[in-house]
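To keep things simple, chains are lettered A, B, C, D, E and F as they appear, and every chain counts its residues starting from 1.
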């Protein structure tokens, strides 16, 4: 019998590390096969440090970004990382690119999906990625798309935490305790040589999210002693047998 | 060791039946002790049929409503039903009434709470009840309120489905399969002699919510075969170990 | 057979003039009996010009404001204007005051009601008046409130245009052509001796609202030639036989 | 003199039946010429039952869906039904397809238009259709588009009820009594052989919307005795001569 | 040393006049170099008066609109006005057009940018322009776009006031006193020969915005005596050294 | 000539430290007289550590909290700190208490005010304080309240950052660089002996807000090198002479 699986759709090749590295490593540790799709390398827009080097080229930036992402993926026990190399700033996806993403969704058959916030005025690639994620989730559910393939069920789409959180209309409804895998997330973060200014930033985010985990699991009466956590917003309602 | 418990805060004495009767009976069947607090009988505002009878008095309406609610509670295996008799249309609660509710919250120590939507222009008692529920939840968490008592943890407050759903800004994020206890909910509904016009209405709501349960548990690929369901909106984020 | 009727609930004694004077005069001209309830005179908060006069007293301000409002009401063919004299800044209504308002609502049996926007951070009396209007509308519908009286049906509550419109979250869904009664509205406006700085302001509002009337009745193809209009936001859905 | 007219823009060929079949039949009975544009057949995404048959092809699905839609249109007394066959999952419209829709809008000169909710994370084709409907309404109003043609006025765009209503941010502001034509809507619904699981679902929706019609037309005092109704959300404000 | 600069992105060639003509002239008077980009002439959708003339052609409309816009720009002391001539109704921008706008943004290095509201169901070109403005602002910030060019900092994007203000979800957070340059704005307005029906409309808007300026600068205690003002909504937070 | 001044309205006696201690110290360093009003001590709800001590009494808690707050105020160079001792959990203010707050507002004549977010389901005292702050700001502006006193102008009301930021619907539009006074804020924080678990939490908040300050002042091009910052949301629009 195959493992449970999850799918991360990342606009640029570093996004999955900061925003849901803990969720990836934690679910990997529980036996999930986690696949990450990097739609672009963030080669034009999110590689400032590389571009400041003498004689830098687009290909060299992409290579460097790919190595960093692969290293981070390894640190997080990612099952498979795919680079779509669609270009960034702006990211654009035609019908062919969307269907390639549908193929991955169907192959993975994820229990849940992860992508960006639905609004981001600083980085329109992010919200575009989520728009496409919803579109491709829909296509993957259609019986008439590549008839004969196994259609997708109804996995949750979780929106991971954006940068400059409050500007994005993002409201977390789920906090995940990532304390057991924090070392892996920090190791993955440190693979991002080009964005060292964010290492401590996202460590602080994780520590403060743990405070929220404790408050929401116990109020003033205590609560679970999480030390690091990540927050997520759900697009779809849950179906449960117990409240 | 004591049972798990849940607490329903109902503005009027019939609200808990239509809106979360299934959740009550289902959790009772799982061993929860479910307590229901009826802040008023809905004697002035929600008892039109009784008032149309010759010679009706306020006390007679209240008695009739209490009997109906007690019968419904019995049908749903409610552990305890309390009538605060605070008056309705409008419902008003002073500090003393609030502290009486805090006493119940602390005594019950609910795993989760249930109350009305946060907006209801048709029935301001409903949104007032929720406002007070949040206020009393806060007080129950305070170490300085009746020091020495066990303080409340951080139970979720679920908002059950209002009438005229879409007008209330209510968006369900959780669907509960109540198929196993549907007969109990229907029996409780039929205890509401004064509101027979709503029996089939809420049966249809439950059937359509089951469609949503199926869609969200399986998309076009099928999904769990719920026949009756209820929807709920969460106020607070969840804390989890798996997405 | 009695006339159709409408009810305006005005936090302060001048509000009805600026915000729905046209609607009042227009419906009066169609045979409606329009009743205006002024919950306060706006004597403390909206009478700056009077208070700048030497030796002014609270009673003198209230008298002056009442005279102005009565004159404006006459200019608008108001059927009945009632002064509740509940005080302003802040306006507060206890159960007795609310039931007095319920009495008026039931006596008038309005086809529609008019009050303030639901949000106003500049003037909390305004949003409080609307909150109470909804609460009293509910009580007036209850069969157990003063049993034997005729209960209220389901009149629309229209929110008239606030000052500093865009700050209030107010979005008009209905534009009313008040061209035929503009002279009456302007005359009523000029009764407000203490707020002369607003005469032209609200004339300009009416002219620009007429532009919106034309655009929404005809687009670039023309549209109805309204010269003055007022905008309103509905709280409740309409029930119709034709779209 | 020509009849009044209305235009329905339906992303997939069955949408118009569930969501506004009553409005169509009712207005047809009042003498409106109602045109329906099906942008796609929903052949890939909304035809699961057909695709489960052995040897099914895209063309066969489209044919079957067209026949169903034509039968339903006939049952509803649709004046004209047009199939744009633009493909679904995802639906995409280039400038040429948009201008083809503009041509229809101008030819019909509708008194009002009907389309989907502005948000639908389950089905991005739906919200895309509405986005294009607004865009094409704008183009149809422009004097410089095919100069010499009669430009469009300012018809309302009503958003009909989506599936999983509350997830879509859809709030109905208009309820239409479709009791007189219910039999026609049910007959049209039963033309949808491939989606039999939705027949009773949408019957229950219509019955519960009738409850809302009654409540909003009469409160606890009664109200119009609608048995079946449909709800709609308006994009644009109304222009009226009486509130 | 070069002047400070600002950049206006206008969907059609007249938008900048009505919506931010005062801001342009005022900043020009303070020494700013203000550049205006007209993405289209509004030749198809916003030139009704011209199209009603016998024998009008698209090129003739565009020429007339360009002359009007150039005259208005001169009246406002615009530093540079660029016509992208991308077509309107609908406005569409491919990657090349976007990069051309990025080139302008980088060349101008604006202290702040101005564009349309983020929502406009009447005119989808307007909201599309703002969407592209955000996208191009992002690209202009990317170190990998045309490496070697000076990258953009973080200028505010102000949304200027739309027509039919309240329908657009636009909420001004900044009022600018344009009294000193009102004559220039009125002169620019009067260059718009084809839209004379809007001259007084926007004069009234400016006068009423001045009322809001006074109220927000002084409450009932007075406030700055602005006679004409414009309102703007900010997309991004401010960074300050004093509240 | 008197100094400029600012006023902080704090529901409980520690709130001003975590949420705007930097703003207080910074403005004090610029010569502002900053007054802090603590409506309650947070003695019942926010003093868990004290209540866990043997034999604790309400008076002892209040005394301890007052000493902590006074020490923190001193560390921040607060000009005046006032304790209204109105009780907490829930905080309630009658007309007399409100007028006492109005007296302070008028005496201080603040250039700007600071209070809590408008929504907080965890702590209803917080949102109640803001509601009252708006109400009292309005009263303080009224010429008829204590005629002869100097009426209030139109100071901004800034909402400081709540705990569990994203749950509150709070969106900062203003970031203040508090680097020069960080040592004072940290010293004030360390006065809060009963809430040591929050010291590092709010240090991390300040560090991450500094990241936002840098990003919004310079994008990827750099930006001001703030190390600590605080965020604020404005209720009212600004009135400016330059964008």
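In the analysis below, a residue touches a chain if its C-beta (ideal position, glycine included) is under 8 Å from a C-beta of that chain, and two chains touch if they have at least 3 such contacts.
The structure presented is a predicted model; accordingly, all values stated were derived computationally and were not measured.
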{"item": "Cα superposition of subunit B on its sequence copy subunit F - rotation in ° rounded to nearest 5", "value": "120"}
{"item": "Pair from A-B, B-C or C-E with over half of its contact pairs in common with D-E", "value": "B-C"}
{"item": "Chain pair with the higher count of C-beta pairs in contact (A-B, A-D)", "value": "A-B"}
{"item": "Between subunit E and subunit F, centroid-to-centroid distance (C-alpha), Å", "value": "37"}
{"item": "Touching two or more other chains - residue numbers and ranges from subunit D", "value": "48, 122, 141-143, 167, 172, 212, 215-216, 220, 231, 236-237"}
{"item": "Graph class of chain-chain contacts, one of line, ring, star, complete, other", "value": "other"}
{"item": "Sites on subunit A touched by subunit F in the complex", "value": "48, 122, 163-167, 169-172, 200-201, 204-205, 207-208, 211-212, 215-216, 220, 231"}
{"item": "Residues of subunit E defined as touching subunit D within the complex", "value": "43-48, 51-52, 56, 58, 61, 88-90, 92, 121-125, 167"}
{"item": "Subunit D-touching residues of subunit C, taken from the complex the two chains share", "value": "6, 23, 26-27, 30, 111-112, 141-143, 151-154, 156, 158, 172-177, 212-213, 215-224, 226, 231-232, 234, 236-243"}
{"item": "Subunit C residues touching subunit B - in the complex, by the definition given at the top", "value": "95, 98, 131, 134-135, 138-139, 141-145, 147, 157, 235-237"}
